[in-house]
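So that we are looking at the same thing, I have put the structure below in structure tokens.
So that you can tell them apart, the chains are marked A, B, C, D, E and F in the order they are listed, and the count of residues begins at 1 in each.
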């Protein structure tokens, strides 16, 4: 059950069709995942979101595609986004993430969540040596 | 201001000394960061936390050290752990993270936080194609 | 699947009946949503929650009803409360929220989540000009 | 203490200068808040963030400016972004938010946080009547 | 730096004075902590918050005072509320929490944060045996 | 729908069998809950998680078993871990948590979530009297 309704005939709207066409071309697939259908309830949201995702996750940048998807998963777990954990886990696998890497990613997320809780509970002073401005 | 007091003479306790010695040896430094001094308020917490951090973050595993630290930063930002963001940003730089990689990491955390919010707001159905059990 | 059981015959308890009657009168409806049935597992929780919700969300106050529901949605998305996002999206629509306003609300939640993550990652110093006590 | 260093002479970079000039023009002020100085550590992050903030928060859209800033505050409190709570509280005041409205905003954030916790603890079934797709 | 200004002469307002008097009587102290001074920026917020805190945390109920404060700390760490972690850690100590209990509390918060992250990452099906409604 | 696949014949792996045997012995039950089946996708994650859970939650320590489970629930609600709220609510009941105690636990989580939001919104200065280091 969703909080918005996807348009029943999305590609009759040329702005939506342009985004969907670009998704198909960029990803070399005929499948438009559910998120994009639902984001199309508001054309501006659809266009902006796809522009951002395409520019960072579907474009050659400094980090490799697999690392970028693994970072995306780490954030999505921490924010507890059900849809995003599923979609980016699938994407990371498509970018070459092995089961061993996936297991290690989850171990890091688990350990960081643990030490984050400890540090937020204790609130130790931040060491001056960590300061970028001092060390730069 | 912290919620626990670090021991005034921590290394007079042989269990604390053993952990601090191992930190110095493993990290090849004389510095024991504040977190470890404060965790020493409870020896069991100190021992367990160092065992976990050493086993994953200071040991050769599947993922390289820099990627592991960047994943740790991504989680720490999402959990808003002030100390951890600082300490693991410093650690990632020590492992070779460049300013360009740092900038890209922050762009991914920012974008994921945005689409996490959108997906959690809309709650689209999760596409069957993402299912590991189906696709395995 | 829920973690508590709603009473099987809630209105046989006069305190529960009083709350349910007040919900029906205040909202001018015969429907008691599931949340209230489940909160009735503990009469004190039910009474307090309804008292708070009625006093703020079902009473004329400074902000108009639609704005109050939209603020409620923004918090509920950020806290990732599935039930609350659904119930308050329905309530906001009943108070007059249009699809365009809903789309814009989601854009704001998405943008704020993005810049929240950036600021929490970077931790810039807070500008003195923002200080209420200085500017008051 | 921040995790990145702002450029020492930011406006010597024409891309940064263009953003800073646009901030000054759009906001009709000479002040560039700290966030923008720090975001300038990575030009792409700076440009994207300003483009998004300007397009939604500094542009006439469906919702009025004050309501948009109040929604931004609600999200920023829930995500516990120190900088953002301060900057958008100042912005909302500049857009006309009164102390009474501010107090009411905080009451809504507090109440929503409470009922979000209760609903996430109990997990009642979501009422079919909330379903946009059924009711549309 | 705070987002609201506490009243300069709070007890000149009889509603604020009534709350402050009740805090002093209930807690048997002359000290009014900063939170209450700042909440007094909006009398309704002050009254409601004190009524709720007094009714649950300063009143004999089913759970003992120390356990209630420790539960409060656990939530406050998870929500990363700096002020609340400090104030309720002090309160728990005043209610008899020992250093060993504090250490164990932090170990539980740390472990739960870790397994919460793992379960949210993996999303295993919830076992039917956990269902209150089946087992009741 | 889960993001990893549990092994189809887990106990053919002697490391997994050792953990499952220990779970059955420690908990005096034949049932291995779903979480453990899914964690077995990565043997190291399974072993570490069970070691940690057994050492703290299934071992006599300073706090009693019921209190430990209630603290675990409080964190799991705040982190919105669906599986964990269910499993630890069942565990707390098995350790003797009554319906009245469960109701009171939820009232504390709800109240803390509310005051956490208020304090994070207002950011009052932390009273010096809360300082462990001063008062120790």
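Rule of thumb we're sticking to: a residue touches a chain if its C-beta (ideal position, glycine included) is under 8 Å from a C-beta of that chain, and two chains touch if they have at least 3 such contacts.
Given the structure is predicted, the values throughout are model-derived calculations rather than measurements.
Undergrad: For the interface formed by A-F, which of the candidate pairs A-D, C-F or C-D is equivalent, sharing more than half of the contact pairs by residue number?
TA: Equivalent chain pair to A-F in A-D, C-F or C-D: C-F.
Undergrad: Name whichever of A-C and A-E has more C-beta pairs touching across its two chains.
TA: Greater number of contacting C-beta pairs: A-E.
Undergrad: Using mean C-alpha positions as chain centres, tell me how far chain A is from chain B in Å, no decimals.
TA: 20
Undergrad: Could you tell me the distance, in whole angstrom, between the mean C-alpha positions of chain B and chain C?
TA: Whole-Å distance between the two chain centres: 34.
Undergrad: Could you list which residues of chain F touch at least two other chains?
TA: Answer for chain F, listing residues that touch two or more other chains: 1-4, 41, 45, 48-49, 52, 75, 77-82, 85-86, 89, 100, 106-107, 109-118, 120-123, 126, 130-132.
Undergrad: Treating touching as the only link between chains, describe the layout with one word: line, ring, star, complete or other.
TA: If you draw each chain as a dot and join those that touch, every dot ends up joined to every other.
Undergrad: If we count contacts the way the header does, which residues on chain C are in touch with chain A in the complex?
TA: 80, 85-86, 89, 99-100, 102-103, 106-107, 110, 117
Undergrad: How about chain C: which of its residues touch chain F in the complex?
TA: Those in contact with chain F are residues 1, 3-4, 41-42, 44-45, 48-49, 75, 79-81.
Undergrad: Contact residues on chain A for chain B in the complex?
TA: 1-4, 31, 33-35, 37-39, 41, 45, 49, 52-53, 56-57, 61-63, 67-68, 70-72, 74-84, 86-90, 98, 100-101, 104-105, 107-109, 111-127, 129-132, 135
Undergrad: Write out the stretch or stretches of chain C touching chain E in their complex.
TA: Per the touch definition, chain C meets chain E at residues 1-5, 48, 52, 126, 130-133, 136.
Undergrad: In the complex, go through chain D and note every residue touching chain F.
TA: 73, 77-78, 80, 82, 85, 106, 109-118, 120-123
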